[in-house]
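Here's the structure we're looking at; comments come further down.
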C-alpha cells in the first residue's frame, strides 16, 4: 500500500515537472528529461537482453545440440564484430554486420512499399469504380466520390513531380503547364489531408493532456477531502 | 566587438558604456560623455549624402555638391560654422573652386574594388553560388530596420548589380549596402591621411578588417575625405610655425619624422591596399604629406605603446575594424591644427586616447620633473649642510603609478554607432529565414504560457465539475459500426473466440488508447474470449499487463490467468511481423515470463495466425499499422483485422479502411464515445472525459480561428503598406 | 505458392533497377538533369554556408525508425543527406552532429560521418561522439534531442527520417533558439505537425530528394528521374484500372 | 570501391530477402526467415552498442573540464539503477512494470500534453509563420476537422444530409493521403534499391 502511494507520488511529481515546460524550459524539466532518457535506456537494455539476445542467441547456443547450433554461430560472430563499433580504430570490423542489417532492412522496405502500399493503394483508389451490385441512385454518388478521390490522388502524385524544363542546357526550374495545374489542385488535397491529420494529432495530444490532468485530480482529491 | 576593458580596473564593460560600471571612471580619454552629441546628430551628415530626401537633406546635397569645407564638419557640431572667421571662409571658398565636388568624382569600376576573400578558394562551389548574390528572401523585412541613410542610398543611381561587387560583399550585404559600396570611389580624398597609417599597421589580421571597411565605412570615408580637406588646406595656406599651445614633447617628433612618399606606394603597401587608394590628387598629394607624416609616426608609436602588434587575433577581432580608426585620423588632423594654432575652439581635452597613451612619463606625472634649486641646502640627514643636492623626497613622494593601458581598441561614440550599425546590418545575414528577434520570441513565450494556462485551466474546471453537458455522438462512422458488429458476432458465438491483440502504442498515448480500448477489451472479456497480447514496442508488455488489469477489474468473472497470455515484445518490427505471419510459434515462442506459449491451454493446436478468430490492433502508429496490413493481413485473408487507433493515425489509416484491408476501426475519443454509444455501456471510460475533451477541442478551434484572423489581417495590412 | 502480386512486384522492382542503371549511364554523357526549385533546400544550403562561416553547428536528426522496419528508407535518405552535409561543412570549425533514436541508425550515422570526412581527405575531423543515440524509445529520443537543440550552439537543424508528431517539440525548441529548421518525414502525422511548427517543412516524397538537391551523386539524380517515370506509370495504371473496373473488366 | 565485402553482403542478403518476400517458394522463404532472424539479433546488439555509446557520451559530458553537465550524472545513475533492477528482477516483475506505468507513462503522456499546447500555439501563429493559399486551406481543414473531431456535429443526428456531408468531408483527406503514401512508396523503392545496387553504402565507414 505504502509502495503504491510512493509510486503514485512519483508519477504525480513527474507529471507536474514535465508540464512545467509550458512555462518555458527550466532546470527541473531538463533534469526529468535526462532521468527519463536514462531509465528508458536501462529498461530497453534489459528487454533487449531478455527478449532478444537470450531467447534468440544465447539460449540456443548454450542448449541446442552442435549441428543446430551452427545456425546461431553466424549471428553470434556478426554480433561480436558489431561490438568493435565501440572502438573508433576497430569499428571497420563491424561493417559486415551493418551491411547485413542495412541490406535486409532495405529489402523489407522495398517489399512493403511495392506489395503493401503501392498495390494496396492502387487497388483502394480504383475499388469505388466497381459499380456491380450497387442499387438505385447510389452508383452515381459512389462514382462521383470515386472520381473525386481518384482525381485528388492523381493530382497529389503529380504535385511531387521533380523534373523541370531546361533552356539552353540551363535549369529553368519551371514545369510544363499541365503538371503545374495538376500540382496546384494536388496541393489543395494535400493541404486538406495535412489539416485533418493536424486536427487528429491535436486531438490525441489533448486526450493525453486530459488523462494526465484527471490523474492529478484523482491524486489530489482524497488529500483535499 | 561587444565589450570594452576599463583601462583603470580592467573590468569588461558593454560597448555602449561611456564610464566603467565597476570603477565609474571614464572609459574614453577623448570622449566626454556629457558633451558627446546625440546619435541623431551623428547621423545628420549621413542624411546629407542622400541623393534625395527631405528639405534638410536637399539643402545638405547642395552643400556636398560644392563642398563648403567649413560646413561639412557640421556633422560633429553645426555651431562651429558661426565660429569660423570670415577670412577663413573666403580662403576655403577659393580652395573649393580648385577641387571637384564629390558628386562629380569619376566612379571606380567594380573591378577596382578589391575582394578580400582569402579563404574563398577553399569554400565549396555552392557556397560560392550562395555568394553570387541571391539575397535571402526575408531580407526585405529587416530592411525596415536599416538606418535612414542606408535606405536612402538604396535609391541611389548608377548602381551596378550586386554580382558585380566582390562576392564577399554581395554575400554578406543586402542590396542597399551593396549600393552603399558604390560610394567607394569618393574615398581617395583623404587617402594620404587615412591610408598611410593603415598601410603600415601591423595588425594581426588586416584582411577581415578591410572586409569590414569595404562594407561599412563608405559614407564614413567620404565624410573623412571632406573633413580632412579643410585641415589640409589650413595647414597649407597658413604659416607653419610651432604653436606655443602645443605640448613640448610633440615638437621634436615633428622634426625627426621623415615623410613617406605617398604618391609612390611601396610594394608592401600596394599588397595591402587597392591601387586606387594611391591615386594622388593635385589638391592633396603635397599638402597631405605633413599631416600624413604626423599620423604615421604618432599612430605607429601609439600602437606600439598599447602593444597592438601583440594583440591576439581574437582580441583584435573583438576590437574594431581598421576603418573605425578613421576617427583617429580625424584627430591627427586636429592635432595638426593644434600645432598651427588656427582653431582656438579646439579644446585640449579632446586629445585622443592614443595621444595620451604615448605621452612620456613627464606628461603623465608633470610634477615629477620639479625644477632643481641649485642654491638649496640640505637641511636634514647625513648630507645636512650640503648644497645643490638632488631632492630625494620629491621623487619618492611625488611618484605616481604609471597609467594602465587597455589592450582593447578605445572607441568613440561615433565609432560605436558605426559598429552597432554594422552589427545590425549583418545580424539578419547570420541566419536564413525570418529573423527571430528578442521581442518576437518573448511575445511567443508569453503567448505560449497564456494559451497553456488557459487551456489547462479550462480542462481542469471541466474535469472537476464534469457537468455532462456534452452530447454523445449519435452519428457513428460506418467503420465503427463494422467494428462493433464484428465484436458482437464473435463474442456471441458458441465457442469463445481466440483473439490476437497487437499492442502497438507508445506510453505517450496510453492515456488515449487505454481509455478507448478499455471498453473493447471488457467486451471481449465478457464474451470469455482468449486474448493473446503481442507488442511491437519495448513498453508494450507492461502496457498490455496494465490494460488487462484495468479491464479485468470490471469483469470479475473473467479468468485472466487462464484466458490471457502475454507474448511480450516482438523485436524486428515489420520483419518480425513477417516472421509471425509465416510461423507464429517461432516468431514469439515464449510468454513474457519465459514460459513456452504455444503449449499453453489457450494457444494449443494453433499453427498459423489464421487460426485466430480476429486480430485486434491497438495502435498510434501509421507505419506499424501499414506493416501489419502488408505483412500479416495477406497471411490471414479471411480473419478480420480490427483497429483501435489514436486520432492522430486515423486519417492516414482511412485509405486502408476504404480499401477493405482494415475490416473495422474506432479512432480517438470520438470513436471511443461512438463505440460506447453503440454498446450502451454504462459509465464508459471515454464518457468520463467527454465534457473536457469536447470543450478542449472547441477551445483550441476558437484559438486557431482568432489567431488566424489576427495574423491574416496583419499580413494583409503589411502587404497593402508594401504596395 | 507464387502470387500475382509477387510477380508484379518483382516486375516493378526489375523495371526500377533497369531504369536507374540506364539513366545513370545516360547521365554520364549528358548535363545534370533539371529539377524544380524547392525553396527549403536553397535555404538549407544557405544556412549550411552561414553555419560554416560563423562557426556554429549543424544538427541532423535521423528519426527513430529501426533498420528492420519498412520506414527505414526515410532514414537512409537522411543518412545520404548527412553525408552531403558533412562533406559540405568539412571546412567548418564545428562539424555537424547527428542524432537518432535507434541503435542501428546511430552506428550508421557514425559510419556515414567517417566515410564523408575520408572522402574530403579530412579523416581527422571524425569524432564518434558526433553520431549519437539520444534515446532508445521514441519519446526519450525526442527528450534527448531537445537537449542537443538547446545546448550545442546549433544554428541549423535538419530533421529527415521517421518521426512521430512529437518531433514538433524539437522544431519548436529550434525556433525558440533562433535556429533554422528544415523538417521532412515519411510519417503523415509528423508531416502535419511539422507543417505548422517547422520553419521549412518538406512534404512527403520530397524527403527523398534531399541528397540530390544538396548535390549528391548521379545515382541520386537518376533515382529521382525514375521516381518521376514511375509516378506517371502509376497514374496511367490508376486511370486505366478505374476505367476497366467501371466497365467490369477488372 | 570501398568495403567490397560489406557491399557484397548487403547486396546478397538484401536480394535474397526481397526474392523471399515477393516469391514465397520454400527455399527462398527459409533463407529470408533465417536472415530476418539474424537481423533481429543484430539489431538488438546494435541497440546495446548504441546505448553504451550514449552512456559514454554522457560520461564525457559529466567529466568534461569545461561546461560540465551534471544532468548527465542523473542519466547515468537512472540507467544503472534501472538496468541492475531489471537484470535481477526480470522484465515481468511488478517493479519493472511500475517503472513503465509510473515513470515512463507519466513523463511521455505529459510531454504529449505539452505538445497539445505547442501545436495550439503553432496553429494560432500559422499565418505569422507562412502565408500562401496552401496554409489557408490547411488552416480551414484543421479547423473543420477539429470541430468534427469534437463530436459536436455527430450529436445532431436529426439534421438532414448531415451524415452524408460528414461522410464526404471525412473521405476527402483520403485522396491526399493516398498521393503522399504512394509518393513515399516510390521514394522508398528507389532509395532501397540504391542500397541493393551498392550505390548507397552507409555501412562503409
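When the chains are written out, they are named A, B, C and D in that same order, and each has its own residue count from 1.
We take it that a contact is a pair of C-beta atoms (placed from the backbone, for glycine too) under 8 Å apart; a residue touches a chain by one contact, two chains touch by 3 or more.
None of the values given here were measured: they were computed from a predicted structure.
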Check your understanding: Chains shared as neighbours by chain C and chain D?
Key -> A, B
Exercise for review: Write out the two chains that share the greatest number of C-beta pairs in contact.
Suggested key: A-D
Study note, to complete from the structure: Note: chain C sits from chain B at a C-alpha centroid distance in Å of 26
Exercise for review: Express in whole angstrom the distance between the two chain centres, defined as the mean CA positions of chain A and chain B.
Suggested key: 33
Exercise for review: Let me have the rounded angstrom distance from the C-alpha centre of chain A over to the C-alpha centre of chain C, please.
Suggested key: 15
Study note, to complete from the structure: chain A residues touching 2+ other chains are 19, 22, 30, 33-34, 36-37, 40-41, 43-45, 47-48, 50-52, 82, 85, 91, 95, 98, 101-102, 104-106, 108-118, 121-122, 124-125, 127, 150, 153-154, 157, 160, 190, 193-198, 200-206, 208-209, 211-213
Study note, to complete from the structure: Residues in chain C with touches to at least two other chains are numbered 5-6, 9, 12-13, 66-71, 73, 76, 104, 107-108, 110-111, 114, 128, 134, 136-137, 139, 143-144, 147, 165-166, 176, 186, 188-189, 191, 193, 195-196, 199, 203-205, 224, 227, 231, 234
Review point. Which residues of chain D are in contact with two or more other chains?
Key: 18, 21-22, 36-37, 39-40, 42-44, 46-49, 51, 53-54, 71, 90-91, 96, 99-100, 104-105, 107-109, 111-112, 114-120, 123, 126, 129, 138-139, 142-143, 145-146, 149, 171, 173-174, 177-184, 186, 188-189, 191-193, 195, 201-205
Review point. Based on which chains are in contact, what kind of graph results: line, ring, star, complete or other?
Key: complete
Check your understanding: Along chain B, where are the residues that touch chain C in the complex?
Key -> 119, 122-124, 126-127, 129-130, 134, 136-137, 429-436, 441, 444-445, 506-508, 537-539, 571-576, 621-624, 626-627, 630, 634, 648-649, 651-652
Review point. Contact residues on chain B for chain D in the complex?
Key: 434, 444, 447-448, 451-452, 455-456, 470-478, 506-511, 539, 541-543, 545-546, 568, 571-572, 575-576, 578-579, 582-583, 586, 592-594, 647, 651-652, 654-655, 658, 668-670, 673-674, 690, 693-694, 697-698, 700-701, 703-708, 711-712, 714-715
Review point. Can you list the residues on chain C that touch chain D in the complex?
Key: 1-3, 6-7, 9-10, 12-13, 16-17, 20-21, 66-68, 70, 73-74, 76-77, 79-80, 83, 102-104, 106-108, 110-115, 128-129, 132-134, 136-137, 139, 142-144, 147, 151, 165-166, 168-169, 172, 186, 188, 191, 193, 195-197, 199, 203-205, 207-208, 217, 219-220, 223-224, 226-227, 230-231, 234
Revision key, fill the gap. The chain A residues in contact with chain C across the complex are 25, 30, 33-34, 36-37, 40-41, 44-45, 82, 85, 88, 91, 94-95, 98, 101-102, 104-106, 108-116, 118-119, 122, 125-127, 129-132, 143, 146, 150, 153-154, 157-158, 160-166, 169, 171-175, 190, 193-198, 200-201, 204-205
Revision key, fill the gap. Counting only contacts in the complex, chain C reaches chain A at residues 5-6, 8-9, 12-13, 31-37, 66-73, 76, 104, 107-108, 110-111, 114, 126, 128, 134-137, 139-140, 143-144, 146-147, 150, 165, 173, 176, 188-189, 191-193, 195-196, 203-206, 209, 224-225, 227-228, 231, 234-235, 237-239, 241-243, 245-246, 248, 250
